[in-house]
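Both complexes below contain subunit A, partnered by subunit B and then by subunit C.
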Partner chain A sequence: MFGSTGFGGSSFMGSNVVTAPTNHNPMKDFEVVSPPDESISCLEFSPASIPQNFLIAGSWDNHVRCWEIDQTGKSIPKSQETMQGPVLDVAWSDDGSKVFMAGCDKMAKCWDLNSNQSIQVAAHDAPIKTCHWIKSHNYSCLMTGSWDKTLKFWDLRQQSPILTINLPERCYCADVEYPVAVVSTASRHLLVYQLENTPSEAKRIESPLKYQHRCVSIFKDKKGMPTGFALGSIEGRVAIQYITPSNPKDNFTFKCHRSNGTNQQYQDIYAVNDIKFHPVHGTLATAGSDGRFSFWDKDSRTKLKTSEQMEQSITACCFNRDGQIFAYAVSYDWSKGHEFNNPQKKNYIFLHSCYEEMKPRQKS
Partner chain B sequence: MGRKKKKPSKPWCWYCNRDFDDEKILLQHQKAKHFKCHICHKKLYTGPGLSIHCMQVHKETLDRVPNSLPNRGNIEIEIYGMEGIPESDIRDHEAQKQAGRITTAAGADSSDEEGGSSAKRVKTAQPAGQESTGPSIPSLGSMPITPMLASPFMGMGPMNPYLGHLSIPMMGSVPQMPLPGGAASSPQTPSKPLFASSSSPSSSNSASKPAFAAYSSGGAAATIVGESTVPKKSGVIATQAGSSKIMHPEEDLSLEELRARLPRYQRNSVPTSMPQMSVASPQNTTVGPVSTVSSGQMGLPMSHLPAGMMIPMPMAHMALPPHMQMGMGPMGLLRAPHMHPGMPGGFAPYGAPLGFPMMPPRFR
Partner chain C sequence: MVVCKFFLEGRCRFGANCKNEHTQSEKFGRIGNAYQQQSFNQPVRQQYFPQQQKLKESQQQETNLESLLYVVKDDATNSMQGGQWLFSCYAPLLRKFSKISFNKNEENLPSLIDYSAEELKWEAMQSSMNGQFHDYTVKLQKLSQSYQTIQRALQNLDQATSNYIVRYERGENVSPAGTALGNIVSSFPAVNTISNSPSQFSFTLPSTQNPIQAPIQQQQTAVAPFKFQLPLQQPAGASFSFHLTPQKPAAASFSFKLPSHQPQSLINTAVTNEHNATTRQIPVSTIPLITENISHHQLSQIDLDQFKADKFSFGKIPRVPPPIELR
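Presenting the complex of A and B:
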């Protein structure tokens, strides 16, 4: 049976029973060493301002880990920081010297990597779901979105937020590409903010999706200006939405992360856990609760590739600064409730070489 | 375009109720989805045609049209584009369009090809489906609005009165946005009915001061407020629809919220207000799972750094001498000299619990 699995995945089971893949690394990607013991909630590579590649991962085990990834794909654990509750989001400062982390302990911390010290920089009334660093010409701040239905902006030197914006519902996901921020909340609210001078709401968009929003990522036009975003829901669907479309038909949605297409009666629909855009090609990657990741070209509206299936869902993904490496985390996302949480199952972070695969398709 | 095309009414597919921009696309859709033989993939022209083909060529009887709604699967009715649709169904369809039905979503919507890799370069009508056409926008808006309104009020009620104050006017203005007939208003939405954009930051600002003061005056209040923002009675997601199932728990909470409810992730009853140097309850052994890690050093209460509290005194907890490798045994954890008086408990060097080799953290 060696050839049959297509990947030469050695299923030594000797029977024809098709069960979950026994191969934990079906894409034969580089495996990051010392992964977290609990699910990985967020992954971020260091920005272009520093030459090396550092990968940060936040986990439900309360830790934020940092590895250096070298040219050969080898990962070297560097250090680790701890929160008082599960970590839900991490972010890098623009100069790559600090890492921000936020989570269920309702705080956000700033970890200075050079001095290896951390301080609290934000507080909310409920877990903080998103944190993003904003760098503008006249100000810099940390934006935190929380389940307490507020969006707060923090100057790291002050203990009170410099701005608080009320959200209609709990913040579920957000993204920042200066001068635009997009925030989505429970009940499928979608808010766009402009960040020049001082953040203010620019518009609210009616959701193009019918189910709970889960992840959002802003994309830019050819000139590098943020022009729209990709929004993923729990219903295996992604919407590509332009903030001000020149033509309403520019906006569209596509289905993804579903099992067994149309010729079968029964279809399983999985959540889209994360979406990220390639920093060079502008194509996008989606990470699914079904344990696969896919690459897409939104301009030619085609799928570039779908991965093999991992042993657990893919909970987070990110590209490194030059778009050579696609990192994705395989861990349980709770999509089947707590009964299916298996603490014995190992969590993984893989590094996939993606530059060629993510090149856009020529328009036919 | 097509002959006898009725401009006012958009072509729609009788088998699956989808709308299309023009009849040509509708026909392509029908041929690909409803009149395609599942055995040899030959595209026929009509339902009866397909049935005859299957009988003659494959000796197989077909009893329903592939990918059709339950009540529209009759293979004997001859439909070609918009022709052949029974009067009563036309009337039904018009009526439904007025009433603004929520479209059949996951189940019948199997006609989208994933990612749209079709060489035909089908125009946006296909992927956009019903979502972007005029008539269905109000339906999208009106349905979810009502539950939306209900829950924020529920959530706001017991909460911080100051925040509640601010939110009520906002909530009141929400329904203006996506109402039917206001479908046209979505382009107008930029801040007009909701926020005069210039005043919104200031109004949020002024409200945030009392809000902040209110909760920071009592740590306990802050926690209670935090818990009640997640509505106790959450809605339900329709995860099962026809022949497909969304792999998501039925409660309309995000996966992270569901997971965070577990007691093991909640041991963070730490007052979150930053100005206070309150002693964080050190018993917050948030790291239950970590303690099971094989390095077996967990005799200690792993009180994770209430470093958060210390804005004026950045915790030097991380600046541990490099020789403090893992496998140092439990003693590795207690580096008393680094502990500030009043700092509760021992603290975990970040590398320790997870066998994370501690490289000297040098980032430059």
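Presenting the complex of A and C:
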């Protein structure tokens, strides 16, 4: 059983390991062909600016893979790029012609899909954890957040960043919805930036969560303006936080990805590995270390659905541009350390048809 | 049946004996301060934030922080019993119940440093590549024990630790020495050190003569990652057996298209290391994106001024490459 087994101590092989579900695809979703051999760190669908659906996955095997997903759910491998270290984040340019990738080799690269060429566009002193493309009226740039405690903004043709912002701690997660960017670092720091004209810090928010932050995703109001964000932690909890709440009670937290272990009194606590908002409905999806994903409606504060349990944790997820497809990656997230790493275990990326399921509930 | 409003707020005293209806809806995040999720069978005592009703009583005088310390105990117990990620900071978030308007102390308790799963995995991979995986496991074991010691102390909360936390949340300048929080957790070296290599890299705009160089890297990086092999029935601390696996070739039914020509290699041969002997190197093309040359007559005045200036001003960066004359 997971639970009180910590690091070190005796070996955990054999019958001690919890019996995982024997079905590798319990949701009967479409399986993406030729998934990576190592853990998948990030998944992104192509933006609305191109008609097709392309899926990009970055992995700890140093590769970034691209598939085309057709109407029938079939995946066609298109191409792949290689970094010099594990890939930690990927991003698309707004016009869908380029893919950015960043990772442990402390670089970010820009991959032009049409010419299949790539160039280095960024560098940090430590692995780059996040990369996001910013498109503004008067500038466009790549924002990279790194474990070197800096946030850098790159014009793709210059060797130096056009702006460097010092962070209080190592960057753990970030999200951009123009004109707002939210960055969260180690030690629970939460920083909000406004991106008009030139990026600048707008405010620091006191975290409503008690433990390490793991993922963040900005949501928009009915008019399409970014108004708040969902924040996930290692403690199986998500906070919904408005940047300027009209009422402090608008902000709340909820528990997720918990399960009743064999010990009835205490729940097993799993990290929230990824959070994404549905592009049309505004409802959200969480991907858990427990191998499940859940859909939630933050306005009516209800849970819409929880999936069956996968064979391994869900490390990344994303929606396609029109909210028809929910892609999720099943691979080991290192939440139990090296002893539970099993290179023989296959990694999967599944495509789940989600449009109907993610419709918001009416307020009761 | 009348729905029990106390149950919806998470504070019904009667529980199963209540004469009103306790609906098991999947609602979460109460409107109010009792954040309980009813879809799990939780003992009522486990609360993330102390309940609203307790606060009302003590709002006349400053809340007795000592009475709220059970929150710290519960948090520590739940996290240990629940198999939660161990290497996390922790903030009791009790200071809002004290009347202090400004508190200089950081919200996080001292000694507990954040390490993310990705950082530890990267550390493990690097140690493995350097043939130091055993050292890594030893360091990790020590680190793990430090965190567990602190969590157990938070579960048990002796007098010294209790006093410390109360005073800390009151904003007092108090030292954790003598409590479990006073033993500095042995830090994980490589995660905290930042290499001294310059973060600049050099490349030139679309003139195909100059190759793009990779940044100067302190550490060796192999092109293909290592695969760890789990020890089968081996005692703890035994050396892991692992081996380099060359990248599996793509399956026969499809192929990822690699660049058809590989002019210049992105990876400087000077930076490669002995591991590359057994891994397949995939050179990446370095041809830049924009290849047409624009004469300076076609540029707008703003762009022209920008290229002539020493450096670009933010907001006016040209979207086309400079003409040959201005390179």
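What we mean here is this: the second predicted complex is superposed on the first by the 343 of 364 C-alpha atoms of A that agree within 3 Å, B and C clash if a C-alpha of one lies under 4 Å from a C-alpha of the other, contacts with A are read in each partner's own complex, and residues count from 1 in each chain.
What we mean here is this: contacts are C-beta pairs under 8 Å (C-beta built on N, C-alpha and C of every residue); 3 or more make two chains touch, one makes a residue touch a chain.
If you're wondering where the values come from, they're calculated on a predicted model, not measured in any experiment.
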| item | value |
| --- | --- |
| Joint occupancy of subunit A by subunit B and subunit C, clash or fit | clash |
| Which of subunit B and subunit C A:353 touches, first, second, both or neither | neither |
| Which superposed partner A:49 touches (first subunit B, second subunit C, both, neither) | neither |
| First, second, both or neither for A:335, with subunit B first and subunit C second | both |
| Which of subunit B and subunit C A:212 touches, first, second, both or neither | both |
| Subunit B versus subunit C as contact partner of A:200, first or second or both or neither | first |
| Subunit B versus subunit C as contact partner of A:155, first or second or both or neither | second |
| Partner chain in contact with A:125 - subunit B first, subunit C second, else both or neither | both |
| Subunit B versus subunit C as contact partner of A:138, first or second or both or neither | second |
| When the two complexes are fitted on chain A, the stretch of subunit C hitting subunit B, from 62-70, 152-160 or 296-304 | 62-70 |
| Common interface residues of subunit A - those touching subunit B in one complex and subunit C in the other | 34, 37-38, 41, 60-62, 65, 76-82, 84-86, 88, 104-107, 109, 115-120, 123-127, 129, 147-148, 159-160, 163, 169-170, 172, 186-188, 198, 206-207, 210-212, 214, 234-236, 249, 252-255, 258, 261, 263, 265-269, 271, 296, 301-303, 333-335, 337-338, 343, 364 |
| Contacting residues of subunit C [partner subunit A, same complex] | 25-32, 35, 37, 39-43, 48, 75, 77-93, 106-108, 113-114, 116-122, 124-125, 137, 140-141, 144-145, 148, 191, 194-195, 197, 199-203, 205, 212, 214-215, 217, 221, 223-225, 227-237, 240, 247-248, 250-251, 254-259, 266-267, 282, 284-289, 312, 314-317, 321 |
| Complex interface listing, subunit B residues touching subunit A | 33, 38, 66-67, 102, 105-106, 109-112, 114-117, 119, 121, 123-125, 127-129, 131-132, 137, 140-141, 144, 147-148, 151-152, 155, 160, 163, 166-167, 170-171, 174, 177-178, 186, 189-191, 194-195, 197-198, 200-201, 204-205, 207-208, 211-212, 215, 222, 225-227, 229-230, 237, 243-249, 252-260, 262, 265-268, 270, 272-275, 280, 284, 286-287, 289-290, 292-293, 304-311, 314-319, 348, 350-351, 354-359, 361, 363-364 |
| Contacting residues of subunit A [partner subunit C, same complex] | 2-11, 13-14, 33-34, 37-39, 41, 60-62, 65, 76-82, 84-86, 88, 98, 104-107, 109-110, 112, 115-120, 123-127, 129, 138-139, 147-148, 155-160, 162-163, 169-170, 172, 186-188, 197-198, 206-207, 210-212, 214, 234-237, 240, 249, 252-255, 258, 260-261, 263-269, 271, 296, 301-303, 333-335, 337-339, 341-343, 364 |
| Contact set on subunit A toward subunit B in their complex | 34, 36-38, 41, 50, 54, 60-63, 65, 76-86, 88, 97, 104-107, 109, 113-120, 122-127, 129, 147-150, 159-161, 163-166, 168-170, 172, 186-189, 198-212, 214, 234-236, 239, 248-256, 258, 261-263, 265-271, 289-290, 294, 296, 301-303, 333-338, 343, 364 |
